[in-house]
Amino acid sequence: MELFTALIVIGGMGLVFGGLLAVAAKHFAVEEDARVETICDLLPGANCGACGFPGCISFAENVVGLKADASGCIPGGKDICDSICKVMGIDSVGSEVKKVAEISCLGSRDVAPDKFEYHGVRDCNAALAFSGGFKACKYGCLGLGTCAESCPFDALHMGDNGLPIVDRERCTACGICVKACPRDLIRIADADRTCKYVPCNSKDKGKVVREVCEVGCTGCKACVKACPQDAIVVEDSLAVIDSSKCDNCGECVDACRRSIIKDAAKVHHA
Amino acid sequence: MDKKLVVSSSPHLKSPENIHSIMVDVLVALFPVALMAVFLFGYRALATMVIATLVAMITEAIILRKGNLFGDGSAAVTGLLLAMVLPPAPPWWVVVIGSAVAVGIGKHLFGGIGNNIFNPALVGRAVLVVSWGAHVAGDVWMRPVPFNFTADIVTEATPLATKAASLLDLFIGTVSGSLGETSALALIIGGIWLYYRGHIDWRIPGAFIALVFVFGLFDGGFNMGLYHVLAGGVLLGALFMATDMVTSPVTSVGKLIFGGGCGLITMIIRLFGSYPEGVMFSILLMNSLTPIIDNLTLPKRFGEVKQKNA
Amino acid sequence: MSERTFVGGIHPGYYKDFSSGKPIASARAPAQVIISLHQNIGAPCDPVVQVGDEVKMGQKIGEPKGFVSTPVFASVSGKVTKIEPFTHPLGNPLPAVFIENDGQDKPDEGMKPGKPLEELSAEEIKQIAKDFGLVGLGGATFPTHVKLSPPPEVKIDTVIINGAECEPFLTADHRQMLEQADDIVYGLKAFMKSLGATNGIIGVEDNKLDALASMNRAVAEGKGEYDIKVHALHTKYPQGAEKMLIKATTGREVPPGALPMAVNVVNQNGGTAVALAEAIKLGKPLYERIVTVTGPGIKEPANMMVRNGTMVKDLIEQCGGMTEDARKLILGGPMMGLAQATDEVPVIKGTSGVLILTEEFVKDLSIDPCIKCGKCIDVCPMALMPNFIGSASEKNKIEMAEKYGAMDCFECGCCTYTCPAKRPLVQWIRIAKGEIGARRKK
Amino acid sequence: MTTLTQEFSKGIIKQNPVFVQLLGMCPILAVTITATNGFGMGIASMFVLLSSNIVVSFIRNVVPPRVRIPAYILVIATFVTITDLVLNAFLPSLHAALGIFIPLIVVNCMIMGRAEGFARKNTLGRSVIDALGMGIGFTLALTILGIVRELLGAGSIFGANIMGSSFEPMALFASPPGAFIALGILLAIFNYFYRKFGVQ
Amino acid sequence: MELNLAAIIFVAILANNIVLNQFLGVCPYLGVSKRIETSLGMGMAVVFVMTLATIVSWVIFNFILIPLDLVYLRTIAFILVIASLVQLVEIVLKKNNPTLFKALGIYLPLITTNCAILGVALLNIQMGHNIIQTVVYAIAAAIGFTMALVIMAGIRERLELVNMSGLLQGAAVTLVTAGILSLSFMGFAGIMTL
């Protein structure tokens, strides 16, 4: 008998509430796409914003709404792109190559002097408001770590010499630091490319560069002459190596009068 | 002139005052209180103060990995303040743990100086009260014996429990109680020094003491009002604990509310609660409300009213 | 002690003794002047001379581009050698006219007395201020004629001459009040006439008793039918800030974000009054000004009449050079002036002082966490919450910075001066203001 | 797809419901005065989690999505009631110590979370493995906190006195504030190790 | 009776706060205490639902479960009530009061799994309250929850401006803060007892 009442009570309550909810739910149907949640689960969840949307959820919504590309999550890379494509039922797109941030300045504190002493907020943007920055070279890294601060993946750190160091393992090539650097010294490049590059961004004339930095490119064109592949051009007194032509022969490294040409993958990386 | 010019944002003048100098001022303000404690309770009080201060400084030096033991002086202040709210002669390990907790949990867990939400010294004491109530907040307390440095401990109930001490005894401090709270005279001297140096605002102690006094009136007239102000930790709390810059509101109105709240809660606990003293709880509680008080009492900006009328 | 003051503010060391006793001396005219075409707040000028042109002293060389702008004049006679960007006191290179001094100081034909004040109309006075390149000489360089052009519905009843000179070290206004008091009164009368104002007030901080006496004498002698009073003000920084001065002298509070016109007041610097007086009396355009060269890092502090475009380096040399331990060069006062990266920078219309500070003033102090002592809030003349604005800006929480009043800050520096944790509050607030401004534009 | 071993171990370390996901905080704080209570609570929760995961996994294709949550709650509540009755019958002292927090297992977000987030999408086998992993992770966390609090607050572990008679227990850890503080510090310590060994 | 009600209020809000002293609703306490505004919204939603749920639970318990001798079904019955109630409230609000729905809507799903609701309903039965005491107790407990939530939100907004070690950020420091808060609320012990 007791068993019976129990069944009736719970069953009755279930019926009453279930019925109420069923009626209510019928009148207030809300469209939901389960794929948003699924994709959101796949994403790294750092809410870094590299995709151009204000967070992972937003990106997922836009992917489902076909407003964002499945490969949009840069930190996620190829794997996540594939998974998203699977959820969305489309063919996989996106590049295979692992990319990392690269810093194009070698002007550490000891080789690229300051023109005056700066006291105040330790932030590159803040420091630039004073006479265009305290560094004598007006293209060089100020070394106050605004880029390191901006990295959502803890992949950039300031070295003892005042230059940032990229942690290649952690770097996801999200590009936040590229935007953070007020001197545009960071770029995203293939992690494993085998070519040489010139870690300098100074467009000053050679004479000026020699005054303000020991490791700046003077645009002397010695490397241009040395390169058997014609992969190097000098524009605005700055040598640029075309990585598609470079065969990594190393002639330019020997030719460079300031010995600043390096293997691309070996600069500023931990 | 061989060095490079210095460039910085305006202003280019800075006041000579810094955190270190403020902390030294607070230590100076605590000196008469400490002196009185040694005078009343003898070497045991001195030992308690030294242990608390040293442990606080060592804890901070370890956490910050700094060789400079004194640092900016804030740890010493925390340690000494903790000693002030402990009995004259608790077991040494109680002092050590309390001091380490005060600096470690009360202060550095929240990000170090300037960032703590609660008064570190009181966090230390609160933890001790809950953990070893009998050692730090029991029913019997060491009786002060001036100029007697070797005497054995004689115990008695606190004036808050008996309500029988004379007002003069309370003012001079010849009553039992926490190490630093008995002598109103010494506390007032310290408070005046802090006020003179501009480190405390009259609003917090003012509102605190005023409310304690008013509630005391209900407990038994003018004398009882004074009694409530002088007995127990009200003066120590109002002048040294509630006025802690980091954990009290920054706005003028906020300071009044803060002080008033402390006084109110103290008296509620004293008159109705199961604890004889409520200063510590009231200040900790108001500490937690500080961010909200600050946000609700933003000062009226220059010229703001006129804009609304226009 | 005067009761006229405002709430908040600080009492820094005043250090006026370096130069307050030094009469205004004429600085040597340099062999070359570099006159920036950016001389005022608002639009810069276009050059109206060409390289190779011979110019005369007082000749117009830069024509204003917009309404909020004033012309620029040659401060020597000679030949234009270059027109190209040169270091500006703001820090970045900006267009400037280089003139080689021929040493003859040949005056321009325009420099001759015009009609006396009595015969000038309000409109004509305004035109003179505009044509002769007058700007606020206190340092903000706001074009004077703009201040003289209130919208028609606003009736200005009071003109205040700012003689507070609350910035430590600076003594240019002080000396001017001693030596050119009559011209100040004359200039004030012209302002009042131009604006149709009935009240004239000269506010002087009560640490300059001799200046007060001098102004009282000049007013008594020269005020004529005008209602002009001299007010002694409580000595406190920033007593000379526009809004604080108006509060102290008239009791009116300028609303946040508004100009003094909103409370029917116009504020003018004493130096500007003298410049207007000289423009009316002598037809002399604004090509030179009084500069205080002072500070512990200068060997012989002085107050000097300096031609626009003179190198600061040149001035420092005339004052005996810098001392061994000089470390910081500031144009303007120590509270709001701009630190310079080099002494190769020209004097402009707004340069009220050249201040050299020594080692002991420029220690690079570590920035400690805010201990919420609330001292910055106590001293903030605008009743803002500098500590929270600073912390919010540090963490890039711009909305929070705005909520605590970042946009109402005029960067007087009281908070940073008083901060025991040595936090660069003004700099953070400035960053937040820039960010808020950029977002509002969007 | 993850292997079964990974599925199992993730609940213990990588996605520990307490130290990483911060789920089920109420029982964790309330019942960990002693290690025994913590362990008992952990086992009870694990039982409910396992049973409900099994059932949910069974009925996952039958339940219409709109009544999903109420249906799951009903399933969980049933097992909680069973647990309640069983504990009351066989371990009355533990039942008394855990008190109201036994019925409150119903609203332990960890159980609802696993039913909603895992069992309804996965096969029976995987759901069982998942429940076991999560349940052990949860029990482990409860027991660790229980040990810490009991050791400091009473000088014993699982009721066995080990600190000697001269030890004066730190009563803080037996009180509500101590629960918060102990768990907070424990979390920070775990964060440190998680970071050190690169567990995300 | 009147004093008793006052005691219920005092104890439920201060002396025996459901979050700080009874560990009910700790999950949302950690989750929703980041902003003062959000925490106020959540608090309002909890006041609303908790009062309703506790009353309905009390009615079901006293008029259905006790007469039928089915006390052991209380957990199932109560959770059914709460889950359905939350959904019903959501639906009704959506239709009749869109403004309130906008303000409370996002918090409603969070409340189903808020153990404070079920906890208070159960505690209420345990304490043997009559219907008036039930209402008062439910509202007071919810206000206590809201108060603890808002205080914590204020503290966390301030802690956001702090350079804190990543190890402590978030839950760790929030828990310790809650602990110290709980410590300071201990002062109210013994002022009024039930």
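All chains are identified by letter, namely A, B, C, D and E, in their written order; residue positions are counted from 1 within each chain.
We take it that a residue touches a chain if its C-beta (ideal position, glycine included) is under 8 Å from a C-beta of that chain, and two chains touch if they have at least 3 such contacts.
Just so you know, these numbers come straight off a predicted model, no measurement behind them.
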Those chains which touch subunit C and also touch subunit B: A, E
Longest centre-to-centre distance from subunit C, chain (CA-based): D
Centre distance in Å when subunit B and subunit E are each reduced to the mean of their C-alpha atoms: 34
Distance from subunit E to subunit D - Cα centre to Cα centre, in angstrom: 21
Rounded Å distance, subunit A centre to subunit B centre (Cα mean): 49
Rounded Å distance between subunit C and subunit D, as computed from the means of their C-alpha atoms: 69
Two or more partner chains touched - positions in subunit C: 327, 339-342, 362, 364, 369, 394, 424, 427, 430
Shared interface positions of subunit A, touching two or more other chains: 14, 17, 21, 25, 115-117, 119-121, 130-131, 134
For subunit E, residues contacting two or more additional chains: 73, 76, 80, 83-84, 87, 162-163, 168, 173, 176-177, 180, 183, 186
Contact pairs between chains, per stated definition: A-B, A-C, A-D, A-E, B-C, B-D, B-E, C-E, D-E
List of subunit E residues in touch with subunit D within their complex: 20-27, 29-30, 72-76, 79-80, 83-84, 87, 112-115, 117-119, 122-123, 126, 166-168, 171-180, 182-183, 186
Subunit C - residues contacting subunit B, complex: 10, 12-13, 168, 243, 247, 253-256, 258, 262-263, 322-330, 334-343, 355, 357, 361-362, 364-365, 368-375, 377, 381-385, 387, 404-405, 408, 411-414, 416-422, 424, 426-427, 430
Subunit D to subunit E touching residues, read off their complex: 22-27, 29-30, 69-70, 73-74, 77-78, 80-81, 84-85, 100, 103-104, 106-109, 112, 175-181, 183-185, 187-188, 191-192, 195
Complex contacts: residues of subunit C adjacent to subunit A: 87, 91-92, 327, 339-342, 362, 364, 367, 394, 424, 427-428, 430-431
Footprint of subunit A on subunit E - complex, ascending: 64-65, 68-70, 73, 76-77, 80-81, 83-84, 87-88, 91, 94-95
